[in-house]
Amino acid sequence: MSLRSGTTRIRVRYSEVDRMGVAHHTHHLAWFEIGRTELMREAGMTYARVEDDGVFLPVIEATCRYLAPVRYDECMTVHTGLEPARGARIRFTYRIERDVDGVVVATGSTVHAATDRHGRPRRLPPSLRELRC
Amino acid sequence: MSLRSGTTRIRVRYSEVDRMGVAHHTHHLAWFEIGRTELMREAGMTYARVEDDGVFLPVIEATCRYLAPVRYDECMTVHTGLEPARGARIRFTYRIERDVDGVVVATGSTVHAATDRHGRPRRLPPSLRELRC
Amino acid sequence: MSLRSGTTRIRVRYSEVDRMGVAHHTHHLAWFEIGRTELMREAGMTYARVEDDGVFLPVIEATCRYLAPVRYDECMTVHTGLEPARGARIRFTYRIERDVDGVVVATGSTVHAATDRHGRPRRLPPSLRELRC
Amino acid sequence: MSLRSGTTRIRVRYSEVDRMGVAHHTHHLAWFEIGRTELMREAGMTYARVEDDGVFLPVIEATCRYLAPVRYDECMTVHTGLEPARGARIRFTYRIERDVDGVVVATGSTVHAATDRHGRPRRLPPSLRELRC
């Protein structure tokens, strides 16, 4: 169950497609990143500002299941959810669907720690704890 | 237990580092890919030739745990293992270590299906089954 | 003087920013590519379909002047123009502006040849010649 | 005429190849970057340390001519030269050759300014001026 969720549309770039003619699997993680950036924006904050305030959320775990290919110039929707977190960790989940037929392209998740600029653990700031509520 | 294993050295590129000063988490999946390419080469085949023969091994699942940062210009060693597979699937495991101090940067795995050029399932060809033995 | 022109909005992704905190210079070429993809779409064709019809437009020359930095999460507008071409070559020009203040981030151009699937030169198809008129 | 020159070998990654089956044109700029990183290393400095000392060399101009395709898993050699510079600017030139047949894949150049961490112009430090001599 997600505490928050949001959607973002992305079009597959030519530079993201491999010689199988489909998006290379590394890009799904970058699309997940766009999904959580937009989810945070919808919640009234920007991740750029969070970092400017000295809080970083490095990815400490990522998983992705690739269920269907997505091709150059196709549009997708990234559905991003924010899960109840434990301690100083935040977990996002993702589902990417092709717009043309609604087929699920990929599902996945990322877990993030809260750190300072030098990678040292720190508490989640209030703004992020509010995001979780 | 891996059936086969191999190592590859990679240096972090400037273009792979983000504004935290460390390699962006998407690149670890590309480094895993280099690891399995080199493992196959050591086994006497090249993935380029496998594809030229009409067999593709798209990633259907990827996981990565990010344990320590790695910075611009640092050298890493990717340790790649090939796991006993089930059916038409192949599974590789990875451990990336920083050369300077041996610290484990990341561990992960990828699962691959065997398909033809159009994404239709096909049996693993003999050369790949031999790789597994 | 451009024969055609169009604009596209792009937001800088986290994965595109380097340790100077600004977009790494390789991505501007990918943004140019998005600009020409959208210019072609506005002209009633898609580059995906052009390739499906057996015509490829590989880049044979690219130039970019980097005039101002653009940071994570900033929005830009890519202004793309199509120049009068000579022979079987097409030339696009680009100007990227930051949305927040209108500052020009970069200008550049790409020259493309028309080839078949195997890289052999071929004539520009009528659809592309019409694009030029 | 170059003041200094050096060579670096690079193998094309799967993630760098597009649906034409050849390396996408954005990656050549990243390979140029590897070329100049290694040229500086051969000259006894590392660009990582130069930045740690507060000097940044952002690219202010890049050009590339794409002369021949290069495919997945092919090896290339990047020949990098350092040109006599004017004022606070440094200019590198590049020639990438395929190892299999010596064919020139691309030629190009980049011009760099010297700045501080905040993008403000500064003089070339002695270590870089020595690099030029």
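What to note about this one:
First chain written, first letter: the chains are A, B, C and D, and each begins at residue 1.
As a working rule, contacts are C-beta pairs under 8 Å (C-beta built on N, C-alpha and C of every residue); 3 or more make two chains touch, one makes a residue touch a chain.
Nothing here was measured: the structure is a model prediction, and the numbers come from that model.
Within the contact network of the assembly, the step distance from chain B to chain D comes to 1. Using the mean of the Cα atoms as each chain's centre, the chain most removed from chain D is A. Distance between chain centres (mean CA atoms), chain C to chain D: 23 Å.
Between the Cα centres of chain A and chain C there is a gap of 27 Å. In terms of their C-alpha centroids, the spacing between chain B and chain C amounts to 32 Å.
Contact with two or more other chains is made by residues 14-15, 19-20, 26, 30, 72 of chain D.
Those residues of chain A that touch chain C in the shared complex are 13-15, 30, 33-34, 37, 46-48, 71-73. Those residues of chain A whose C-beta lies close enough to touch chain B in the complex are 19-20, 22, 25-27, 29-30, 33, 51, 56, 58-67, 69, 117, 119. Those residues of chain C that touch chain B in the shared complex are 14-15, 17-21, 24, 26, 72.
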